[in-house]
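Next, two complexes with subunit A in common: one pairs it with subunit B, the other with subunit C.
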Partner chain A sequence: MNSLALLGRYYAASMRAQMQYPASAIMLGTGAFLVTIIDMLAVWALFDRFGQVQGWGLGDIAVFYGVISASFAITDFFTRGFDIFGSAFVKTGAFDRVLLRPRSPTLQLIGYEFRLSRFGRLAQALLVLFVGAALVDLQWTPEKAVLLAWTIAGGVALFAGLMVLQASFAFWTTESLEVFNVLTYGGVQAGQFPLSLYAGWFRNLLIFIVPIGCVAYYPVLALLDQPDPLGAPAWWLPTAPAMGFLFLAASFLAWRAGIARYTSTGS
Partner chain B sequence: MPQILVEDLAKTYRVAERDPGLLGAVRGLVHRRHRTVEALRDVSFSLEAGELLGFIGPNGAGKSTTIKILSGILKPDAGLVLVNGRVPFTDRIAHVSKIGVVFGQRTQLWWDLPVSEGFDLLADIYRVEPARYRANRDELVALLRLERVLDRPVRQLSLGQRMRAEIAAALLHEPDILFLDEPTIGLDAPSKLAVREVVRRLNRERGVTVLLTTHDMHDIEALAQRVIVIGHGQVLADSPFETLRANVLAERRLVVDFAHEAPEIIMAGVEIRSRQGQTLELAFDPARTPTPNLIAALAAAHEVVDIHVGEPAIEEVIARFYDLHGAGEA
Partner chain C sequence: MDAARPYVAAFASRFLLMLQYCAAAVAGFATQCWWGAIKVMIYAAFYAAAPGAADASPMSLAQAITYVWMAQALLALTPWGADPDIAQAVRTGSVAYDRLRPVDTYWLWYVRSGAWMVSRAAPRAALMLLAAGLALPLLGLSDWAWGPPTDLTAAAFFAVSLLLAVALSSAMLMLVNLVVAATLTDRGAVTLYNPLVIVLSGNLLPLALYPDWAQTALLMQPFAGMLDIPLRLYVGQLSGAWAWAGLGLQVFWTLVLILVGRAALTRVMTRLDVQGG
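After this line comes the complex of A and B, so read on.
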């Protein structure tokens, strides 16, 4: 059985396990939907009071927010194994079992769980995205649809990279580092506003270190047919999501170093 | 060439030391102190296909480290390991698809899934051909008497049921070698017997090579033709169990029931080990005091109701062995 088919089997099993508690799955999903809606209500209240911030309106912000939030929700479907890697695999020694199976650890961790409850968050993100697009009167073309998919794919790669990086650190700390939530959840928060609102050092952080800006700000400008007020060249705007994949690739270098460490020191 | 070849294996761990309390944790962040623990030094042995080897030793002696190295999840610092001609940790995927491993303390099944679904998933993970899988599974289910637990989620199983399911899970892909790390720990008597029976049959009927670690000497007595005693990271003995017993304790036991209150026995080379009402347990060296002579002498002097000859409990043999080698709990 090839890896993709196996992943399908893993997820079918995971969903059956979650559906042993259907009420819990439905409530978690609804909860995620409602909590994130409240998120957006706060932004709406802000813009209802001030109208515009540096020329950005509620519709623009909703598109930024929808893109980054959808990326994060999709990542969250399949990265649970990496998210809780330290406490669930390194500390308990359960990673031994992963290494005892004739499949790549990455595949096994992606297969660890498929989080049904994230549908709530994804639904909310897409709702906000398309309402925002309607507010700014965005004209959908096939090119724009592809750009949107490519942007979200870059975002998924970036957030997956953060999860893999977090898991890699756990080889050294044996705990899941909650500190990383600053980067993941904080990244979603920071990414929902245009970079041009931020101070220079923070902007650079979001472009060069943890390239959230590259998977939200730049490509969304292209989606909105806006030039970059900070002066980035036009060709760069739709290219930027590639940085998410670069980040993911770099994270896997850390991951490999972590596995090498694990096999030479034990748990 | 032997199926498992281990030569001059060495493994050292660096263990971070931390002072207790919050202050200690903070200090540990700034300045880490390390202690070096020598888990294995100079371990060599080999195993032919079809052997059944027991691995015993006190906690911390290096048993689990050896199993982890042999199963490819730990890299040794020095030495040679070949299993089926492969180096386990460099050729991990090919290696692990040919071995089965059961860690007594950990589950390899899915907690919330019924046992049968866990088996299905494992068959996919190990790429077992469907027809072979079904035949294997049915055979193992019958052998391990798992019919009644197949539909139940793993979390609802008793420890004994779970361990039998674990062993079946480790064998679905027909491994040539089975590593069992404390397979009977915490089990009740019937489950222990069932586990031993299965291991014995797998070894005899299918020719599966078995390497097992245990603290339960009855496992060793029931199963292992050959025993390796490990202590302080070194092989202290590698021999058939009977040889080990004879070398360490050339001692026999005689339990005698008397018709009346048990008398004092004063004979050269005979010790009283325990006294309970009308029963005495005597220890003697059969080389110095031949068993028939001792029995004749007792029967002549006292009114004896029953006599049986025994050997010291296997735990005693091992404890004595550790004492001889100064290899108590590490």
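After this line comes the complex of A and C, so read on.
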């Protein structure tokens, strides 16, 4: 069986398991939708009181938010295995069994779980994105659709990279490092606003260390046909999501190093 | 005093146990710093963008910044979801032991839940006070820091109000616990309740910054007393007669939720199937 077919089997099993409790699955999805949509409530209230911020309106912020949130929602479908890798695989010694199977550990971890509740977050992200696009009267062209897909792909790569990095650290700490939530969930939070709103040190952190800005701020500027108020050249804006893929590649180097030094915690 | 002893003991033992979870506290603290920093910078940008609206705002930027840090510091004091121990007790059937103890089940769970929240909040609040209240001013960033209370009166009102907030949140948490006890799952219904708490407690955005037409309703609802009222008293946004009204609302909702909770407990317990063998 090839890898994709195997992944399909994994996910089909995972979804069947979740649908054993359909009411719970639906409520979790609705909860995910509501918990994330309220972010926009705060943004709306701020615009209602203050009117605009540095020339940005509610529609602009909604597009920024929708793009980064959609990237994270898609990543979250298939990275659960990496997310809880420390506590569920290293600490328990379950990773031994993963290594014994004649398939790559990466594939098995990707196939660990497919969380249906994430449809709630994805629905929220796409709703916010397209409502925002309508508010700013964004004219969709084939180029823009491709740019949007490329941007979200870069975002998925970046968040997947963060998850893989988090899992790699678990080889040394044997626990899942909750601190990484700052970069994943916190990254979505930070990426929903234009970087020009932030202080310089925070901006640099989001461009050069954890390139959230490269998969949200820059390409969305191109999507909105806005020049960068901070002065980045025009060619860079649609190119920036490539940084997400670079980040993912670097994370896999750490992952390999981690697997190479793995010693079982089992007794 | 003897009547209170088992409850004091239950509170103390849970508090000490929870203090062991240091790593989780550090992770939580990092998250709260990140969230707080983002919010502070975003609010500053909005206030700077519209000076007219900023002057007309019921809350100044300095007040909003202090509010943000304190809201992050006291995050764990808000009743997010059921006390995991009680959820587990219901699932495993050890709830039967709790029912057999010669104490009132409502108050036993009430103080345990309160201790659970306070023990999670205390270390994080202390860390946040050090970071946002002490380190930021020392770094010369006083404009971005957790400022002192407006005056002694505000500080006194805040202290009383914080205690009432714990009482109110514990009463709310008991209702969540009972929903979990009745439905046997801490997922589902609770995930629908979470967004409500985030918005209405002021955790998402200080309640004073929502549109003016919504202000009265936002202050009257029970969740305001769990975070927003104490913080508004601290920054001096509620003072004079309004300060007393704030405390009054907290007492009122605490009593209402306790009465509802006790009635619900009786109902749930008469129908409860004890799990396990």
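Quick note on the criterion: the second predicted complex is superposed on the first by the 262 of 267 C-alpha atoms of A that agree within 3 Å, B and C clash if a C-alpha of one lies under 4 Å from a C-alpha of the other, contacts with A are read in each partner's own complex, and residues count from 1 in each chain.
Keep in mind that, in the parts below, a residue touches a chain if its C-beta (ideal position, glycine included) is under 8 Å from a C-beta of that chain, and two chains touch if they have at least 3 such contacts.
What you see is a predicted model; the values in this text were computed from it and never measured.
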Put the two structures on top of each other at subunit A: do subunit B and subunit C fit, or clash?
fit
So, does A:Ala42 touch the first partner subunit B, the second partner subunit C, both, or neither?
second
Classify the contacts of A:Gly93 with the two partner chains as first (subunit B alone), second (subunit C alone), both, or neither.
first
Subunit B or subunit C: which reaches more residues on subunit A?
C
Between the C-alpha centres of subunit B and subunit C, what angle is opened at the C-alpha centre of subunit A, expressed to the nearest 10°?
90
First (subunit B), second (subunit C), both or neither touched by A:Ala149
neither
Under the stated touch criterion, which partner chain does A:Ala234 make contact with: subunit B (first), subunit C (second), both, or neither?
neither
Between subunit B (first) and subunit C (second), which does A:Gly31 come into contact with in this model arrangement: first, second, both, or neither?
second
Look at A:Leu253 in the shared chain and tell me whether it touches subunit B only, subunit C only, both, or neither; answer first, second, both or neither.
neither
Once the structures are superposed on A, label A:Glu175 by its partner contacts, choosing first (subunit B), second (subunit C), both or neither.
second
Taking the superposition as given, does A:Ile209 touch the first partner, subunit B, the second, subunit C, both, or neither?
neither
Note down the smallest distance between any C-alpha of subunit B and any C-alpha of subunit C in the overlay, whole angstrom.
7
Starting from the residues of subunit A touching subunit B, keep only those that also touch subunit C in the other complex, and list them.
none
Which positions of subunit A touch subunit C when the two form their complex?
23-24, 27-28, 30-32, 34-35, 37-39, 41-42, 45-46, 48-54, 175, 177-179, 181-182, 185-186, 189-190, 193, 197-199, 202
Subunit A-touching residues of subunit C, taken from the complex the two chains share
23-24, 26-28, 30-31, 34-35, 37-38, 41-43, 45-47, 49-50, 53-54, 57, 185, 187-189, 191-192, 194-195, 198-199, 204-205, 209-211
Under the touch definition given earlier, write down the residues of subunit A that touch subunit B in their complex.
1, 5-6, 9-10, 13, 16-17, 20, 92-94, 96-97, 99-103, 263-266
Residues of subunit B touching subunit A in their complex?
13-14, 65, 68, 71-75, 89, 92-94, 96-97, 101, 103, 106, 108, 110, 112-113, 117, 120-121, 124-127, 153
